[in-house]
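What follows is a set of structures for review.
Look for chain A in each of the two complexes below; its partner is chain B in the first and chain C in the second.
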Partner chain A sequence: MLDTTALESFPSLISHGINVAGEISAPPSFQLPNSNDFDGFVKETIQMVKPAKGTTTLAFIFKEGVMVAADSRASMGGYISSQSVKKIIEINPYMLGTMAGGAADCQFWHRNLGIKCRLHELANKRRISVTGASKLLANILYSYRGMGSSVGTMIAGWDETGPGLYYVDSEGGRLKGNRFSVGSGSPYAYGVLDSGYKYDMSVEEASELARRAIYHATFRDGASGGVASVYYVGPTGRKKLSGDDVGELHYHYNPVTPSTVEQEMVEAAGP
Partner chain B sequence: MTIFKHNGSAVVAMVGKNCFAIASDRRLGVQLQTIATDFQRISKIHDKLYIGLSGLATDSQTLYQRLVFRHKLYQLREELDMKPETFASLVSAMQYEKRFGPYFCQPVIAGLGDDDKPFICTMDAIGAKELAKDFVVAGTASESLYGACESMFKPDMEAEELFETISQALLSSVDRDCLSGWGGHVYVVTPTEVKERILKGRMD
Partner chain C sequence: MTKQHANWSPYDNNGGSCVAIAGSDYCVIAADTRMSTGYNILTRDYSKISHLAEKCVMASSGFQADVKALQKVLSARHLTYQHQHNKQMSCPAMAQLLSNTLYYKRFFPYYSFNVLGGLDSEGKGCVFTYDAVGSYERVGYSSQGSGSTLIMPFLDNQLKSPSPLLLPAQDAVTPLSEAEAVDLVKTVFASATERDIYTGDKVEIVILNAGGIHREFMDLRKTDAFTEECMFMIDLF
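Moving on, here comes the complex of A and B:
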């Protein structure tokens, strides 16, 4: 069953006002296109969105809290459409979500999740846990499974039980874990992250590890690049630690030293 | 991905005052993964003739080796270096020979002809020549390159200004392409000298 709680505020466009015998108007729903071959149409839209997830995002739990990092490139096939996309979404002051996959899907559902979390706070007079928030999102995405939305997100936050990190995707999967990386650049980020990870890191060491992992992924992966943003979620809430341009970061990690001239350029004799 | 986008490439050549410049990116990739950041796409045929081969990397290496062979034979028989116009016709003919199983390359040829007059041309994968008086482009970033060159190019630039222009055009175009970049390689050729330079670019 589709989760329509996201649509309650949208007025029904179909039968508006003209109710002959006082019948209940149609329940809120996404308008479906008029098409002879609806299944074929849906398959094509899924294929159109599928090549996405050209990105690198990562998050890990350590002693002091949760570190979240992402690149900022948006690519359409081979073309770079933007180098300044915000892929770390602030759901509320103590929870972050990462964006991988379709940008519209991620932005919409993260904002919807923020709304739901706030409603939970108002109804229950206490903040929602990271477990609860990720479950809300996973259930919504599961109900839209197979319809072509593309979301690969990590929900990271700090609640009463301490740091929390969940991976949620549009196939309906939800995993609890300590270290995740999502996107086309994730294998490269995992390589750096896994070899440098220690639970007992300080905030500075963890943020440098996260930044390095994103930098290495942007170097090797064509679909990742732009700016490496690093966020930290701790007991006092979320904080943005750095946002370094990876073009400059490369020369910071690999300074250019003038090399010796291998061949002397000799003036060629004119004709 | 189409075969031309498998490795990723960007090549551009520009004409100046009694000189020319030819530039390429340095990335070799396998679809999105970057394998090398020092790949040579521009090669010398003789002191005043350079060819840059964009497209599938294996085909560009093979085509280059065959062209060197043909040019060496020509040098032995004619006791002359090939003129750029002649060489362009040779490349075009060799590509058309493979009309129904082509080399997946788009060559960019740049040279100094008679009286050191600069000559540039490009062709598609089956040998259709396109001669131009100002600039030619090829590769996955070609659309961005067209825009950048069109706005930055001026006729009759001297060697130093030509170098600046072609470098800026190349770097700004590959920064909008996932599949090319990771540095740049520029050759500026005048009747008396050749300057080869490596560009410092974004490595993402």
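Moving on, here comes the complex of A and C:
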């Protein structure tokens, strides 16, 4: 018997969902939604799975403390609404939060978290731990789960137990870890960060690694850009280490040297 | 069961553009005066600017019903503040109040794109720019509304100041003088009127400085060049 599967024409993509007798012999077709408005439905699903949170933020724990870095671009669809957004939010003098996702959601809830942390200090006569602060935020976000807010944040700080780093998101997730990157540029940042990371780095080496990781993410991800900010949180509190325009960083890492042809042409042009 | 879509929307977009520029000791806030719905013009003489506090002015484009409601809420809150603290709200304080007010309606937002301008406690110009749900940022200049995608690149070209995130920090206010800034605003609206159908008629310009508040108007193109000519000949305006 000849194998004629290769001769079959492509099946019709419109499945009517009717259970026709002899369906076993029907050509294979995609399962499609039983919808009147197919285009609208598809648009909605694409929106659902679309990689959200156009940004690059990262944070990691190392020997000397916690390093936190982020870009500063805000986009509304394809329009760059700002190149100077503060994505590293100062919750209090020893704790930082990063912003990824909805700008208003992150700003508001971090401000709210700062208030709650201060109230905790006043009520308990001691600073709140990073574990506690991240739990407060995670619980609030969990209660708003499914309502459409978009928050992908890292809470980084130094408390009695040493350096602390948690990832908290608007799905209600909360993860403790040593190394995180959040946002559309995070795959690129992870590549640089993971390959260059050593626990025993000095503060200078760690800040350079963080800066480089952000730079590389802004280079490849259209939704990230602006200024790469790097913060350090240590036993004495938080400190901003650098803020560099990524366009200028590009030429810092890839200096322009005139080629020999250009040199000759300059010389040939004469005095 | 397919998802039901609403036949009626609580929102409408009345169009218009707003701009604000911060200077070393002044702030210029401007908005056009056209109010539209769809392809119709509702009025050519509607103010989108609200004087919230002594040194704080807000310009808002978007859905003017929501803008009006927002202005009323902020005015009322400011009055309460004055009674409780015996002083006017500073511009940065009003900026945060606006952000919180917008976020409290996060799940049924004010369809209002705002720009807040004024003088900070040191007398320097400050501009705050917002999205519809309250995220805000202090900047040297900003534009919002239907013409913002036309206006913003031009302002970036003329005024681009170093980002406030750079380290070592560099000042964000524009080096322009007050007269130059007003002139720039007039140019910007004249250009936006050419290419944005929702921007036109008149531009209302408010200038805040140590001497107080000053308001002026400038006529803009109401319609296409041929009809303008006809209107001029028949003396329609």
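Here, the second predicted complex is superposed on the first by the 207 of 271 C-alpha atoms of A that agree within 3 Å, B and C clash if a C-alpha of one lies under 4 Å from a C-alpha of the other, contacts with A are read in each partner's own complex, and residues count from 1 in each chain.
Please note the rule applied: contacts are C-beta pairs under 8 Å (C-beta built on N, C-alpha and C of every residue); 3 or more make two chains touch, one makes a residue touch a chain.
These numbers come from a predicted model, not from an experiment.
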{"item": "Fit-or-clash call for chain B and chain C when the two complexes are aligned on chain A", "value": "fit"}
{"item": "Which superposed partner A:240 touches (first chain B, second chain C, both, neither)", "value": "second"}
{"item": "Which of chain B and chain C A:107 touches, first, second, both or neither", "value": "second"}
{"item": "Partner chain(s) touched by A:223 [first = chain B, second = chain C, both, neither]", "value": "first"}
{"item": "Of chain B and chain C, the chain that contacts the larger number of chain A residues", "value": "C"}
{"item": "Chain B versus chain C as contact partner of A:79, first or second or both or neither", "value": "both"}
{"item": "Contacts of A:255 with chain B and chain C, given as first, second, both or neither", "value": "neither"}
{"item": "Smallest distance from any CA atom of chain C to any CA atom of chain B, in Å, after fitting", "value": "5"}
{"item": "Chain B and chain C footprints on chain A, overlapping residues", "value": "79, 83, 226"}
{"item": "Complex interface listing, chain A residues touching chain B", "value": "54, 71, 73, 75, 78-80, 83, 184, 218-226, 246-247, 250-251, 256, 265, 267-268, 270-271"}
{"item": "Parts of chain B lying in touch with chain A, wherever the complex brings them together", "value": "1, 5, 8, 29, 31-34, 47, 116, 140, 175-179, 191-195, 200-204"}
{"item": "Of chain C, residues touching chain A in the complex", "value": "2-3, 5, 99-100, 102-103, 106-107, 129, 131, 133-137, 139, 149, 163-167"}
{"item": "Touch list for chain A against partner chain C, complex", "value": "34-37, 40-41, 44, 72, 74, 76, 79, 81-86, 102-108, 147-149, 226-227, 229, 240-245"}
